[in-house]
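I've put the structures underneath this note.
The following pair of complexes shares a single chain, subunit A, combined with subunit B in the former and subunit C in the latter.
== the complex of A and B ==
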């Protein structure tokens, strides 16, 4: 097996942008898995929280595109409170979503709300979900 | 002395004026009994619900900083909230104005040119002063612990809640991110337990008290949210609780109003009443039942408060 020790230009740029936007340092993660063992949504995720960090560390932008896990993060910060390196995965996920979201397209916009629910939804949930998942 | 009330700034947030008026009404009722007159900052808006997590989204700080600046302009040096989301956003926005010079500069530059128009005279004001993070943001649980004191609360108790077995549910936003919120230790909190004990509840511990209820995923990933909510309520029930106490309107939506959808996904699910901490406090302090807004709940909590279906105390 060939192991590549040097990042391509675009890979390096992706890693730098994620670090810059999120204010985190993904290189400091040593893949202990504490984050994934505490995340309340792993049962639905295609890749685990520590794997999100790993893919960013390796500059693998294409493999993050279409990942459901990025949209299952509820910013509950359980991972952040348990990470021995203090990494905030919710910040990293938000930065990655920003970089890979199809330009000008909402992941979850007002049109997705079923009409019969419109009356019962709390305002804060609507504001929060649009802040997270739409442009 | 006498009946003079202490004025205190209160930021309710949008959900409390619409979907969870029970939380707002009981807050007013208990604070009145504790001797406070609440002032809502003039022209308050939504706080934005989410603290922006990336530099790209920092314009989301404009709304919470504007609210805090208004408290300051009205002569306040502290503001309290009961909604955990509002608390989290306001507290973090305030902290950012103290510790992050770039955010301070960018947000103040943006807000300086706000214009307010006097409703009576039509006069316009602009050129607002910088906001430097000098209003302290408190959650009501903190305010009660640190400023009112449990002793005062105990002296005012009118109804005995003794038989009620309650689990405190913190959820995410009262405790995390670690190091940014500081209402209590994120891994081993006790403020909610102390509050409940002091108002006369029997407190039950349970392992899901700091777990997420599903949050805003109940809109975008409803199935995943139902499972998270189910885990919380099931654990509360298994540990012998009669009722789950909380402080967040979104937790209330997920853990009470969506119990029908939890039941659809998990047919073995047993209903479980939830109450806001202010409802429990209001009841203990002798507030009338109508103020508690119990008819807004999906799962009727009357029996845990010792009220029969027709509203008579038993």
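== the complex of A and C ==
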């Protein structure tokens, strides 16, 4: 894939906003990949957790919008418990999700719930999931 | 024969070296078979001959068995020959009655068949028995030492080496071919990882050099030739005319004002201009103007004598001539530094084609408070403040196919420093670095690099750049980021290339003059990469700084101090001892054909035209044996390695 890095205002704003919301400095990441090697959901992800950080460093918001990986993250914190630079990666992922949700698609809605489970699942949890994974 | 005319009693000691030898050579069998060999009075094996109890075995047996000579079958003589010579000495033997049979490097480590290896080991030991029968006791050749050193090159390494030698109480000649001392370090802006201003930390040392009573500063001088040997070198040094009297010049600058000739300023790497008569930089030492004769209109007062006319103290002297000065020194420290690999070699990056593509050293000048832009980051083409700079690492380094195979060691750190300083100057600017690895192996280096990334928000992209070209007033960079698997294109206002370091221009010529050696990349070669890192293979020469290979300032300074300590060790000796195993001339056999004179690499032999035979300078002779091999009449015989000994060794080896 070919990309143009422009570092225009909106790209810089995206990086700053991720840092602000997450309370982290994404530039601290030196791409060792420890988060990706430990992530329990990585087998289903289209891009690796370290690549999520990388794309933020590069200001590639549009690529993140299309990525499934962000919405597979369960915020289990395995990544950040292992990060040698002490980055709270789940916080970063949460911040990115928050920023791109309005622009993205629905990753999870009522139609995804199998009928036989619908009655048994706690409604409060489902609302929380809709809020996190739908625009 | 021993000194009493009796047959020598020879002892053989076979070492196991743990399993290093014993695993591939049947050491017990070697000891047994050698015990039965003619002339061998005693033979044994031991697990570690070099250990204290191992040496004691030799000492005890020499006395008990009344041995006249000792052969130790063990590792290479470069490792423990001296150990065993000393052990034999304690038992009253001459060190020349000790021989090493190398059955480790030459046998156990290189063979896979135990039987064959054992037989080979036996043959090697046998051959040394044949040799040692004829070994004579020799006395070392003693030579005086001139306790005065020369240091070539006055960058940070040369300055440090000169100061350390001078502080030990020895006189030092510090020879520098440029108009001022300082080298590359004085051109730098700030230095990693502490960001001290280079001039602030270097000028005190420069001043100390100029004031030190033991240092004779010879700037604008070049070494012409060197003859002699360790402790006794004669050097011829060319004094280039400066056309300005160093002492009289008050640095008022009147000459510079009136000089009509404007040329690129080499101190600023051509990023600004200077006059033909110039002061390299304000803190130059010696503090004097220099007339650059290649740029001057000419030394004919009729044509132009503006500077001469303007000088109120009459410091300008058009009649100065080149002079050759001869000096005697005992040791020579070579600190000739490095050059940056030319940007022309990497055409795809547009260096020397686009003004806004600069190399690392040029960017140092742009960052420097005393630089061409007065300390503001402005690009060369139009003086605009660049809002985006792309830094490219490994420009020529780590590219064995097309450029340099080695890592230039300092570029990762200075690029991080460049990016950090750029962000200090232009906080809203974007710094992007293309790298293939970031190597920060120095004290507090990694922390510095991470601070650059975190505080400067510098984007490090892992990948090489394929091309750089200009579009309008932007520089377009095509590269890749292998971490995300993307090809990256970006616009920049300026590009900085971290060019590889390479050997200083003129190194080959210097090597010829000094008769010292270099490695395959042209860096001056150390005698041993780990254990003799500051000594040249050629005795009496010491190395420091980048002449020996890329290194940063802390390493260069440490190496310079180490070289100075080595010079001090040499000078601390009352007399120098020279190995007496040289090749003398048998006057009765020599016909004076001079074949040996021509093959001698040390200039140790010359024809005595009166006697019609060749005579040998015993101190210069290193005993390499080139003459002995070439001599048609057998007049040149190396001591303790005569033709007779060599033939006896060969028969012992070839015998079943």
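Note that in this section the second predicted complex is superposed on the first by the 110 of 135 C-alpha atoms of A that agree within 3 Å, B and C clash if a C-alpha of one lies under 4 Å from a C-alpha of the other, contacts with A are read in each partner's own complex, and residues count from 1 in each chain.
By definition in this document, a contact is a pair of C-beta atoms (placed from the backbone, for glycine too) under 8 Å apart; a residue touches a chain by one contact, two chains touch by 3 or more.
What you see is a predicted model, and the numbers here were worked out from it, not measured in a lab.
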item: Subunit B versus subunit C as contact partner of A:5, first or second or both or neither; value: second
item: Which superposed partner A:108 touches (first subunit B, second subunit C, both, neither); value: first
item: Touching partner for A:124 - first (subunit B), second (subunit C), both, neither; value: first
item: Partner chain in contact with A:28 - subunit B first, subunit C second, else both or neither; value: second
item: Doubly contacted residues of subunit A, that is, touched by subunit B and again by subunit C; value: none
item: Footprint of subunit C on subunit A - complex, ascending; value: 1-7, 15, 25, 27-28, 30-31, 50-51, 54-55, 57-58
item: Subunit B-facing residues of subunit A, complex; value: 20-23, 40-41, 43-44, 71-72, 74-78, 80-81, 88, 90-91, 94-95, 98, 107-108, 112-113, 120-129, 131-133
item: In the complex with subunit A, residue positions of subunit C that touch it; value: 388, 430, 432, 450, 453-454, 457-462, 481, 483-491
item: Residues on subunit B engaged by subunit A in the complex (per definition of touch); value: 13-15, 18-20, 46, 48-50, 52-57, 60, 83, 85-86, 172, 175-178, 186-187, 210-212, 214-221, 223-224, 227-228, 231, 249-250, 252-253, 257
